[in-house]
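Read through the structures below before going on.
Two complexes come next, and they have one chain in common, chain A, joined by chain B in the first and chain C in the second.
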Partner chain A sequence: MGIGWRPEISGFVAGLPGLRFAEVVAESVHAHGDLPDGLPALLDRGVAVVPHGVRLSLGGAEPVDPARVTHLAAVASRLSAPLASEHIAFVRAAGVEAGHLLPIPRSREAIDAVVANVARTTAELPVPLALEPIASLFDWPDDELTEADFLTEILDRTGALLLLDVANVYANARNRGEDPLDLLDKLPLDRVAYVHVAGGAEHQGLYHDTHTDAVPQAVLGLVTELCARHRPPALMLERDGDYPPADELTAELDAIAAAAGYPAITA
Partner chain B sequence: MTSPIEGGREGDHPGQPGGAPRSLATRQAELVEALTGGKPVPYGFDAFKVDAARVALLRKRAGEVARQWPMLAAGFGDRWTASFSAWAATRPTQGSLRDGWDFARHLRSKGELPAIAGAELAEREARWSYAGSAAPRARRVPAVRSAAGAVVVQVAGRIRVIRRRGWAALRRS
Partner chain C sequence: MQDTWGIPGPAFIVGYIVALIVVVILAVAHRKVLFRGDRSARVDDLGPQQLAYLNGGDRLAVYSSIGGLRAAGALGTAGSALVQTGPIPVGVTPLDSAIHHAASGQIRTRDLTGDQWVRSALDDLRTGLERRGLAVSPEALKQARLWAWAAGALALIGVFRLIAGIQNNKPVGFLVVAVVVVAFFTWRLARTRRIATDAARARMRELRERHGYLSPAQSPAYATYGATGAALGVALFGAAALYDMDPAFAAEAEIQRAAAANGFTSGSGSSCGSSSSCGSSSSCGGGSSCGGGGGCGGGGGCGG
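== the complex of A and B ==
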């Protein structure tokens, strides 16, 4: 069990006695300057810290920015990370920042773009790369492939690992009116490097993967379903704002561990 | 079938049937413009869902800017998210530092910068040189800046607030 390290909860994370694994937003770490306060102590304890990129835009039709690839590679080296991760998404186009992870069409053209960008990235990365399918409130009108076929083809052609976010699986299925178990049954779960778990909330009939709300019971149920099919190497809680009191975060970590059948890391 | 083109005039929406095939790059750019620039939702997308994503994006930006510019956000109280979003809806993000800076300058130009936010803006303007078109850079020379009646002096990187609020604001409070 692990947690997404953020400066705001650095003290809480430092106080988790059983922590073996954490994730840090790659863009928040300097490639050469001082590490953010709190991270060196985790590394000294032997906690594996995985850089998680959010601005590479691997799904962009344009080639990834070489400086961003270099940065991710440098951060992975600095952290002595076992792997790095990014998203199957695009975040900018024609020089305009979207400010968020956006979906790409489930088309051959888009797969080719992702595969090319992943190849440009892994050529420089010193560690394996795990790819995370995102949550999206909408889909492209011209999707040619099912999500399972789309993801499987990307993983097969890139050789990348899968960072499976069960909250994203839940959000997409709910907003599309699908059964999230259908996707779990079809994904290559043996490729899962680790798993994200996060909270969300419903607005106007749509489920938003906010990372600022509690993890719903349905997402915990999906954790159990996933682990019944294939036990992932690690799971972690992602929280990105509206941080609750420490005892609530502790309870969420314990609930995820219990749902997965993993030992608690909080005591 | 419901119309996929609600929210704008027909003919404005990129990618209508019968047009020439467009590249992924073009279509991604059109989607980003719809989400960040107030442009029409490209043809075929679910306009309700894309708009929900657009609004969620603005809410997230407002939260990020409030963390960078706490006094600016405090000056709006409960109206912060709506006020910032109305301004930001047609302006793609430049990062939360610059977004808040640009919004504060916009408010000042209209005489609407909340008095409580004056010192925050003046302090940053005294410390950094920011032309609005590129990332702020630290000033190498002393500077005096004012905003909403607050006055701030920077010498050798050290900041002193000479006056936190304008006299008009003091009289009102």
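== the complex of A and C ==
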């Protein structure tokens, strides 16, 4: 059971007695300078810290920037991480930065692009790579496969692990009007390296995976369903902003642990 | 031509400078002894306001209290005066109560130290710290300032020599410079100001390391750390923390941002933050290097 480490709540994270692992945004860690304040203490404690890339743009049509791959690999070594993770998404094209993670079309061509980029990345990474499918607010018109088939094929061809974001599963299913359990049933759950749990909010009829809201009960329900099928090795709360009082964060962590059947890390 | 006072010019200057150096060295050594403080004193059981006092005197202690009260929802601003916006929280210090009470009558932040309850709470705070060897007592300060007399005497000698030299039409260029330098030291020695003892400063440095997560460079989530966290942040990292926490309130309450921001540079910040200028949070702490762009922070809030 873990949490996404952020400098804003580093004091809170440091105070979690049962913390086993944390995830840090890879781009916020310097490969050769000082580690962010608070991280060295976690590493000394024996907490496993996993670098989570957000800007590699593995789903992009362009080959992934070697410098970014090198950075991710360097950070993974620096943190002595057990694995690294990134997203099945693109963030830039033709020199234009999107500023956040965008969904790629579920087409054979796109799969080829992702697989190629992942291959380039894993060639240099000293540890296994986990891929996170993202929440999308829309589907591309040239989608050829269902999300489950799409993800399964990518994972099969790359040999990568799955970073299952339950909040994304919920968001996608809700926005498409599908049953999230369908997707869970079809995904290769034995490939799950760890799980993200995050909050979101509804806005103008669409559910946004904001990471700045409380985790809804429905998502916690999904966590329980997931664990009933195949309990993942680790879960974590992913919160990126608008941090609530410490009590609320504690309650959320406990709720996720309870939903997953893991011991609480807050006491 | 005869030498002024029978002492040749260059010899006098050399002797004069040597005398100044001796005075300065003795003054510094004496101050080290005076300001040493109690080595065995601990700061672990000090409240945020006491720490704030050690870091920045009365003003920062008041700011720390205001920070805590604000985070607890008890203080607000109306125009540029502080007002009560809620009941006094439980378990607060006498300084908190005094400030909260003063705010019932809409008081400006700068007038708070004039309020008699606030004044008396601050005095108690200071004497408590002096007793523990963490704050420098007024007597010690007075003793340290005595060295200004020595430097002043030297300055006076220099001035007399200057006058005599001018009357005798001797070159006085170097002497003027020397007298100016001595006058400067006299002024500095007279203005000696010290709040925290050396022992206290060392403990504060350790505390800043331990509570580095409250440094404005980390853009701490004050809601998560609560009212104590807010007060502690102001105490350890200066008034800039108050601006970081609630910029609109800090501006309206006319908090002096430069109040004791020294702690910020001495902490072990992240590689981006450790040597940036005091005050506003550096851009590395929160976000621009993370995620696809400022707004999305960690995993790309919109979809990751």
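Here, the second predicted complex is superposed on the first by the 267 of 267 C-alpha atoms of A that agree within 3 Å, B and C clash if a C-alpha of one lies under 4 Å from a C-alpha of the other, contacts with A are read in each partner's own complex, and residues count from 1 in each chain.
Definition applied: contacts are C-beta pairs under 8 Å (C-beta built on N, C-alpha and C of every residue); 3 or more make two chains touch, one makes a residue touch a chain.
Just so it is clear, the model here is predicted, and its values are computed rather than measured.
Shared-chain residue A:Ala113: touches chain B; no touch with chain C. Put simply, more of the residues of chain A are touched by C, taking chain B and chain C as the two choices. Residue contacts after overlaying the shared chain place A:Ala89 against chain C, while chain B stays out of touching range.
Contacts of A:Pro105 after superposition on the shared chain: chain B is touched, whereas chain C is not.
By the document's definition of touching, of the two partners only chain C reaches A:Val25; chain B does not. Looking at the shared chain after the overlay, A:Ala14 reaches chain C, while chain B stays out of its contact range. By the touch criterion defined above, A:Asp37 lies against chain C but remains apart from chain B after alignment on the C-alpha atoms of chain A. Of the two partner chains placed around the shared chain by superposition, chain C is the only one that A:His196 touches, whereas chain B remains out of contact. Once the two complexes are overlaid on the shared chain, A:Asp179 sits clear of chain B and of chain C alike.
By the touch criterion stated above, A:His208 is placed in contact with chain B and with chain C alike.
Counting contacts by the rule stated earlier, residues 97-100, 102, 136-137, 208, 241 of chain A appear in both its interface with chain B and its interface with chain C. Chain contact summary for the complex, chain B toward chain A: residues 4, 23-25, 27-29, 31-33, 35-37, 43-46, 49-50, 52-53, 56-57, 60-61, 63, 92-94. Touching chain B in their complex are the following residues of chain A: 60-62, 90, 92-94, 96-100, 102, 104-105, 107, 109-110, 113, 136-142, 175, 203-204, 206, 208, 241. In the complex of the two chains, the chain A residues touching chain C come out as 4, 6-12, 14, 25, 27-28, 30, 33-38, 52, 54-55, 87, 89, 91, 97-103, 132, 134-137, 165, 168, 196, 198, 208-212, 238-241, 243-246, 249. Only residues 211-215, 217-221, 223-226, 229, 268-271, 273-274, 284-286, 289-293, 295-304 of chain C touch chain A when the two sit together in their complex.
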